[in-house]
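Both complexes shown next keep chain A, but they swap its partner, so chain B is in the first and chain C is in the second.
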Partner chain A sequence: MLFYHLIDGFFLGGLYVTIALGLTLVFGVMNTVNLAQGEVLIGSAYLTYTLASLTHLDPLLCLLLVAPIMFVIGYLVQRLLLNPLIPRGQETLLVATFGLLLVAETLFGLIYGNNTLSLSASYTLTGVTIFGDTVRTIYVIALVAALLLVVGTHLLMTYLPLGKAIRAAAEDPGAAASIGINVPLVYGITFGLAAAISAVGGTLIGLSFGFGPTTGSSWLLRSFTVIVLGGMGSLWGTLLGGLLIGVLEEVAASVVGPQFRDLIVFAFLVIVLIVRPEGFFGQRVGVAK
Partner chain B sequence: MKTHPASSDQLAPPVTRRQSLRHLAPWLGWGVLGLLVLLAALGPLYLSAFDLVLAFTLFNYMTMAQSWNLLGGYGGQFSLGHSLFVGAGSYTIAVLLLHSGLPLLLDLLLSGLLAAALATLAALLLMRLREAYFSIGSLGLAMAALTWMLNWSFTGATSGLNLPPAATLDYSTLYYLALGLLVVTTLTIVLLVRSPFGLRLMAIRDDQEAAAELGVNSFPVKLVTFAISAFFVGLAGGLIALNKLEIEPDSAFSMNWVITMIIITIIGGIATSTGPLLGAVVFFTLQQVLQNSQALSSLLTGLLLILIIRLAPEGLWPLALKLGRRLGEGLLSRFAHSKQAETVLSAQEAVGGRSRLGER
Partner chain C sequence: MSTVSKAARSLFLMAMLALSMVACGGTGGSGNQTIVIGATLPLTGALAAVGVLLKAGYQAAVDDINAAGGLEVNGQKYHVNLIILDNTSDPNTASNQATTLYLQDNAVALLGPFTPPLVIPVSQVAERVKRPLISTTAPIEAWLSARPSGWQYSWDVFFDEKQQTSMSFQVANMVKTNKRVALFTDNEEDGVTMGKLWTEEAPQFGYTIAYRAIFPVGTTNFSSQIAAAKAANAEVLIAQMTPPDAMALWKQMKALGYHPIVAESEKGSSTTTWMQALGNVGEGALIANFWSRSFTYPGSQELAARAEKAGIKATIEQAGYIMGYSITEVLFDAIKRADSTDPDAINRAIGQTNKTYPVGPIRFGSNHADPIRAIMLQWQNGDTVQVYPPVSGVSLEAPAKGLA
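Now for the complex of A and B:
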């Protein structure tokens, strides 16, 4: 039995990686904690919902359009709102992203109402048998997506000029600017990328669970637990952290009961913060691999 | 800017007038405040029952924002977990009224004390964390508490508790309790931040390492601040329960409480003691004017928050002070022999810089 929960948790962890990766990128490069990460995820789920119900296409296929839209939104948020606030320090950025959280939450309620929605596709209710355990197909897709996203981001950061510029800007914005890197532009692109990656996570949330205007903060906390565990801003740390939280939540929930899932994760977050706030694995995206 | 060398006898009269005005300003502030408190104390004489309930809510907003500001503004610990203390206060008074024979006022006091005790525990856990880590940690604690309450059968789990009929107070009593709490909270915090304790608190906020080198031990200061802040929020939570008479976890521990505290504080002016009061009036007015469309009002509040943090991050009250001071300078220079006053201004600028008159 425990073995089955381990497998379930491992695949659920894949989903957690996809939702936390955007937060990792924004923290690792800009040193900004995006309190609106939950709303970026839920907003993507709503966008996919609209597009899927308009076109009757598969939700994952809709991502081809939703991810670029989220990129543009993320880019604009960073350029217009967050970049000018960076010199004023982290607290101001917290308030600003908190304001975004509020506005987004209200907009969701205004446009889509307060009901819980979910995305549906042929694979949302089916399962795949792995080592004798039936795992939800959507979790398997999530784990594959997580691996692709982490490896893809790693390759981008390591080999492409854009990735090198992002790393330079993360390590020392002043020095990066002095060698001709347009730091505000790089920051904008980074936030855009993070939002586009979160579009994948958000759509997967929509396919796996229900979502409503106010479900964002619970996903923010889950994402944050993952990246705290993974060492705040480390790509591979996020991968390990996500998988670990998935396993932990699944196993603990099987012991104390599924109604305590949230309690388990949030309590775990607090414990990790207290015991080892610098996390357990890896280093920040920007700071060498 | 060119400086006009001016002899001292030319300077004398306007300077004294300016200085006497500057001395007078704080007393004027206290006078206005006293008048407002007096006006509020006579509230039940001229307010309808409906208005009394509105005022009750406004006072509680002010109290909670003021308390959040002590920790979040003066202490620089941006708590996202203060909803925990509202809920703790509400539930404590409900449980005590249901299960103990203690008098109501003692129950109320205990609900504040329990919130303070919880805050002390939370502080022991979280105080090592700084900035965003503290914020997220406190949010995690509050959310964990909410999920716990949703499952705790002793407090009725999701359906919550109903207060006994004996707890029903009339509107003017509730009004006076909320007003009294607001006055006590504001006075305590104003005195606290002007005391050596407050100076230590702000020194830690501005630079913890430097403060430590000067011998300020940050831990007890933060701990006490957290406990005081939670104490008043817990009392407000108790009052809210007395007004609603039925409580359940999703609303008692709602994130909206801390959101409200933060919005009010930021709009009014973080780390000022008048800011949260002004912010609460703005926030509450917006809420009441748009009460038919709650979504629209929270959308506007969110936008206002972003606008303020982008354009005037110090908040409305400092902004108003700055404008008022400019206006005052303008009026003075018109009333005095205009030439002389201008000379004074520029001479002062040459000596002291322009910082007092506004940054730009």
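Now for the complex of A and C:
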């Protein structure tokens, strides 16, 4: 039975990776915590919901349009709102993203109402058998998506000129600017990329569970847990952190009881932070060797 | 000259004071033509779906009394000013808003939010400021347990959990099962109280709680609990959880192949959101309620028709509207009986309530609760129908269609 819970948690962890990856990217490159990350996720779920309702296309297929839209929204937010605030320091950026959180929550409520919504697809109601255990098909999809996103982001950062520019801007914005890198543009692209990646996580949330205007905060908390555990801003840390949290949640819920799940997860997080304050992989994505 | 000027200034100040009192409503009724009634409701957030139904019911009752010329107190007609604030489903906000409504807006009484996490903090405020509050949809035992010394100014109209929990097994008895129950409850007050009662009541009806899951509100993943319920071979599922959590559970049960014969979703399936979010998967879910279309209490059917006109189409949502309307009428009747806007007099008059309202007969016990009779509804073809006590032309669908 414990083995089955490990499998369940492993696949659930994949979903957690997809929701935390955007937060990791923004922190890794800009050293900024985006408090509106939960709203980026839920906003993507709403956008997918709208498109799927209008076109009757599969929600995952809608991502082909939702992800670019989220990229543009993210890019514009960074260029028009956050970039001008960078000289005022991290606190200002934190407050600004908190403001975005509140604005987004209100807008979601006004546009979509306050009821819980959910994305429909046949595979959300089916399971697949893996080593004798039935796992939700959507969790399997989430894990595959997580691996693709992490590897894809890593390749982008390591081998493409854009990735190199992002890394340069992350390591030393001043030096990057002096060699001709347009740092504000790089920041805009990074935030846009983070939003596009989060579109995958948000759509998976909508498919796996339900979502409403205020559910973003709980996903922000979970994203934080994942990236703090893995190492703030680390890609591979996010992968490890997500999978670990998934497994830990499942095992804690089954062995100790679901009412103690959060207690155990956060107690584990505190212990890790005491023993290894930088998390498992301490290096930020932009400055990782 | 200066005496005249002083007198004019005094008159002006008195006039401004009088104007501000009129603007603020008031409790005294000394020449004041408005009575303020307040409500802090979850109009956004997780509980918004039901909050808007109560709001519509409260407002309809207030509109009716004002259209009839107002509320007559001590030979004078008062316009009723209903102030409704959105507590965003947050208990702290609800508590703060209740204080504001009582002390700043001078509300003579409040109409409640619903569910214990919101009703209890607002009830505590009512006790503190010594002004009445009438609430609903707070299961009575959970509400009473929050104040062992007893409520003095707070009143609750809802069913008693014992009757409700017994009913769960009476309904399950209508079909053949192995009498093994999987019980899923969250850790809110009503979840804790109901979970305990279901556990206590089960053996009396020959049922065994084969698996018990307790979890925090906001839990999204239930894989391990579903696996345990399946392993326990539980053919009866009883769940008490918030709508988002319940919807996640139902989806996951379907995906993981757990097919209980009887599936009850208390709280979770209390609005049409249930079917909108789940589609066919939500079919067959059971939920206790206090009103159905088979009820013929005076004004009941007319109110249902009005609710429908206002866009509230599902039976279970009309029930919320009718309950909101009914408890507002309870308050109006109490104010008329008290023939005063004095909160203590109104409070005493609420205690004397003994009348049949559109939702049914309401009469408070010495514990300030009115245990109205619970009935069991089932989601069938996108609407709720009464399956217990049985009514002609309707039968319990089992196994639960959406999960089969």
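The definition used in the following text is that the second predicted complex is superposed on the first by the 266 of 289 C-alpha atoms of A that agree within 3 Å, B and C clash if a C-alpha of one lies under 4 Å from a C-alpha of the other, contacts with A are read in each partner's own complex, and residues count from 1 in each chain.
FYI, a contact is a pair of C-beta atoms (placed from the backbone, for glycine too) under 8 Å apart; a residue touches a chain by one contact, two chains touch by 3 or more.
Remember, predicted model here, so these are calculated numbers, not experimental data.
Once the two complexes are laid over each other on the shared chain, residue contacts for A:218 go to chain B and to chain C alike. Residue contacts after overlaying the shared chain place A:50 against neither chain B nor chain C. Judged by the touch definition given at the top, the superposed model places A:83 against neither chain B nor chain C.
In the superposition on chain A, contact of A:127 is made with chain C only, not with chain B.
By the document's definition of touching, of the two partners only chain B reaches A:102; chain C does not.
Of the two partner chains, chain C is the only one touched by A:4; chain B is not.
Once the two complexes are laid over each other on the shared chain, residue contacts for A:259 go to chain B and to chain C alike.
In the superposed pair of complexes, A:274 makes contact with chain B only, with no contact to chain C.
Residue overlap on chain A between its contacts with chain B in one complex and with chain C in the other: 109, 214, 218, 259, 262.
Contacts from chain A toward chain B in the complex involve residues 33, 35, 81, 84-85, 88, 90-92, 94-96, 98-100, 102-103, 105-107, 109-110, 214, 217-218, 220-221, 224-225, 228, 259-260, 262-263, 266-267, 269-270, 273-274, 277. If you check the complex, the residues on chain A that touch chain C are 1, 4-5, 8, 12, 109, 113-118, 120, 124-127, 133-138, 208-215, 218, 249-250, 253-254, 257-259, 261-262. Residue ranges of chain B in contact with chain A, taken from their complex: 76, 78, 125-126, 128-129, 131-133, 135-137, 139-141, 143-144, 147-148, 150-151, 255, 259, 262-263, 266, 295-296, 298-299, 301-303, 305-306, 309-310, 313.
Of all residues in chain C, those touching chain A in their complex are 43-46, 48-49, 52, 88-89, 187, 213-216, 218-225, 227-228, 231, 243-244, 247-248, 251-252, 254-257, 271, 273, 276-279, 281.
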